[in-house]
């Protein structure tokens, strides 16, 4: 009987450990709100989200984060436009085109190592290499701008998009492909008409997660987006995405000031933005999961 | 209820078993006799393996299963709320369809159970040797006891699994198609072994192989669609079964 | 050539070009960093602290700081992650609770690193009064890599054959002993290699430690877990954006980046090689 009690205790202890992730998630939300909500004594939610002027250190300060939200979206969208074709095509290469396992494994390792590159290293690369090149080639006032940040963010998003797409392509049942070949379709036709549609939900999930990663990425946009808190007029203008603003300003902000609370409030916005991207991705991958040939 | 001669060791009383909504065993009542070999036969999905796993509560491990009725082992209901399934499994050993030795040495495969069960074995070397001898494997492995069990052949691995179960000194040995993954020579060895083991153990064996059931068992139970159709002396079942379905099955007309 | 085969060959070229671009991007970045950084690397660079307002000298305190923070993150993330995965794969019955926990883990995995930094600042540094310290940074990084470790551990635990569990349980060995003696030892190599990728991430992250642990400059080594430390990723950021003379310290910046990349990719590469070796030598 003693042993049964011990087993029950162990089981419940493990349950508590498994709850830690959920508890931490709760603490994150709690901390963000605790430190972020006080800013709304100074500014209304509407003026905060849609305000066009971010002058947190002026007197009186102005806490409008719309230019920051816009900056985040523009670099994320552009990065996605660059990363999706590259990532999905690389996934197709790995899952359906390369005949040699050695090539396949090497490319998978390359993508994994790319995912492992610290973001500060990519930011440094963008700052020291890409920026001067852009500045000279296009005769710009600065190379730290939207296009630079987007290219570097795309490099960060490619591994996410590629590896999840590859899983989706790989799990398309072999009989679909064989059926298509048996009808005389070429490999290209089979890939575009059969495999890609069957893997579409997985690829959409991959794109969503890639975007979530880009929108939350900090060091790259901090170092190469230029830092101008204004609505840009071209892709060669500088922007100040939300994470960059938090990271750049938190160090110089006195604890408990309204600027400090405003930065946490940006964190709340950022948290819920990425959360919604992740939940949509989770929903898409469960709702439209391809479980086998019988479900089509 | 079918009554057999001899002292009973396990008795099932109106047992039903469900996987979720699906009923896999219906109203099974039967007795297993001590120191006999009982064969459970029937077509795939008839419930014979399920029955075997109900007897040592291995089905507890599958989510969404439910047992109704009573199963008495040496007079005690093993599904009573105060019974520890771990205790039951020590007395009712099991050998699986595919040999499944642990990725440990041969010696540690045998000593694993007794050590962790805290049986207080004083002389582990003797227990290991005894168990391997009982499983007729000793002569083949006595010089490689510290080598990995994964290097043995399939037939040797299965005899090792039998030795591993015997080291716990169980009263009953459940065997789930123990020879289906083996070659004919290994199969013959295991059948001889079963014959020799029955003087000390009660053996309940699930088999797909009619000849095997006829060769090694004393009693045979025929299952179909989760029902116990016929249960009798093996000789009687294979020569003059009472039920038409049994006859059809053993003569190969279906299944 | 027929039109449909022409389309196919164009498509295949695009696919191959993508694979090539990605490979070249990685190769180019690594080559460029190595090319510019290797001449700075010396024994003194790795073992000496910075001097002259960080315009000369080495990066030893940053290396030590990164080691401490990474070890701290492992000490927090690994046990919690393995225990969570054991619950999810060995003990939990499928249902709403498990689904909720899994969604929670997925959401945690998606939290941006800068938000982890804010959480660490708001909760560990200020609310729990740990101050900017190794402890606060390690906790923040440990929770950051928790989802990665849970995922890797779940996969490794699931790959242990069910027959091992059955064999052990059928001998009358309890569930916990089966988990501890059979399942965990067989899953451990997989858990560790999978987790190493998360550990590499902990070593390279900047945003989570900016407000929780990282010091702009300290010449002395930390004396307790409540001290601030320098860290390689933050040092790169500081030197390249806020140093006293950004252009003049370029070589030191490249050297620091090279050390950081070598540490992080070295960790990842070891994991990838061990994993490949394990797959080829799998016994079951």
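Just so it is clear, A, B and C label the chains in written order, and each chain counts residues from 1 on its own.
Operating definition for what follows: contacts are C-beta pairs under 8 Å (C-beta built on N, C-alpha and C of every residue); 3 or more make two chains touch, one makes a residue touch a chain.
What you see is a predicted model, and the numbers here were worked out from it, not measured in a lab.
Undergrad: Could you tell me which chains make contact with chain B and chain C both?
TA: Touching chain B and chain C alike, sorted by label: A.
Undergrad: Which chain wins if you rank chains by how close their C-alpha centre is to the centre of all protein C-alpha atoms?
TA: C
Undergrad: Can you name the chain that lies farthest from chain C, using the mean of each chain's Cα atoms as its centre?
TA: Of all the other chains, the one whose centre lies farthest from chain C is B.
Undergrad: Tell me which has more C-beta contacts between its two chains, A-C or A-B.
TA: A-C
Undergrad: Would you kindly tell me how far, in whole Å, the mean C-alpha position of chain C lies from that of chain B?
TA: Centres of chain B and chain C (C-alpha means) sit 48 Å apart.
Undergrad: As a quick test, compute the distance in whole Å between the mean CA positions of chain A and chain C.
TA: A distance of 17 Å separates the two centres.
Undergrad: Averaged over CA atoms, how far is the centre of chain A from the centre of chain B? Could you give it in whole Å?
TA: The computed centroid separation for chain A versus chain B comes out at 54 Å.
Undergrad: Give me the residue numbers in chain C that touch at least two other chains, ranges are fine.
TA: Residues 174.
Undergrad: Mind pulling the chain B residues that touch 2 or more other chains?
TA: Counting only residues that touch two or more other chains, chain B contributes 86.
Undergrad: Scan chain A for residues touching two or more other chains and write them down.
TA: Where chain A meets two or more other chains at a single residue, that happens at 3.
Undergrad: Spell out the residues on chain A that touch chain C in their complex, using ranges where they run on.
TA: For this pair, the touching residues of chain A are 3, 6-7, 10-11, 14-15, 17-22, 24-25, 27-28, 31-32, 34-35, 85-87, 89-90, 92-94, 97-98, 105, 107, 109-114, 116-125, 127-129, 155, 158, 162, 186-189, 191-192, 209, 212, 215-219, 222-223, 243, 246-247, 250-251, 255, 263-264, 267, 270-271, 274-275, 277-279, 282.
Undergrad: Which bits of chain C are touching chain B when the two form their complex?
TA: Answer in residue numbers: 93-94, 161, 163-174, 177, 181-182, 186, 283-284.
Undergrad: Can you check the complex and tell me which residues of chain B touch chain C?
TA: 56, 58, 61, 63, 86-91, 93-94, 96, 98, 100-103, 112-113, 116-117, 150, 161, 164-165, 168
Undergrad: Would you tell me which residues of chain C are touching chain A in their complex?
TA: 4-5, 7-8, 11-12, 14-19, 21-23, 25-26, 29, 32-33, 80, 83-84, 86-88, 90-92, 100-101, 103-119, 121-123, 126-127, 143, 146-147, 150, 174-176, 197, 200-201, 203-207, 210-211, 233-234, 236-237, 240-241, 250, 253, 257, 260-261, 264-265, 267-269, 272, 276
Undergrad: Which bits of chain A are touching chain B when the two form their complex?
TA: 1, 3-4
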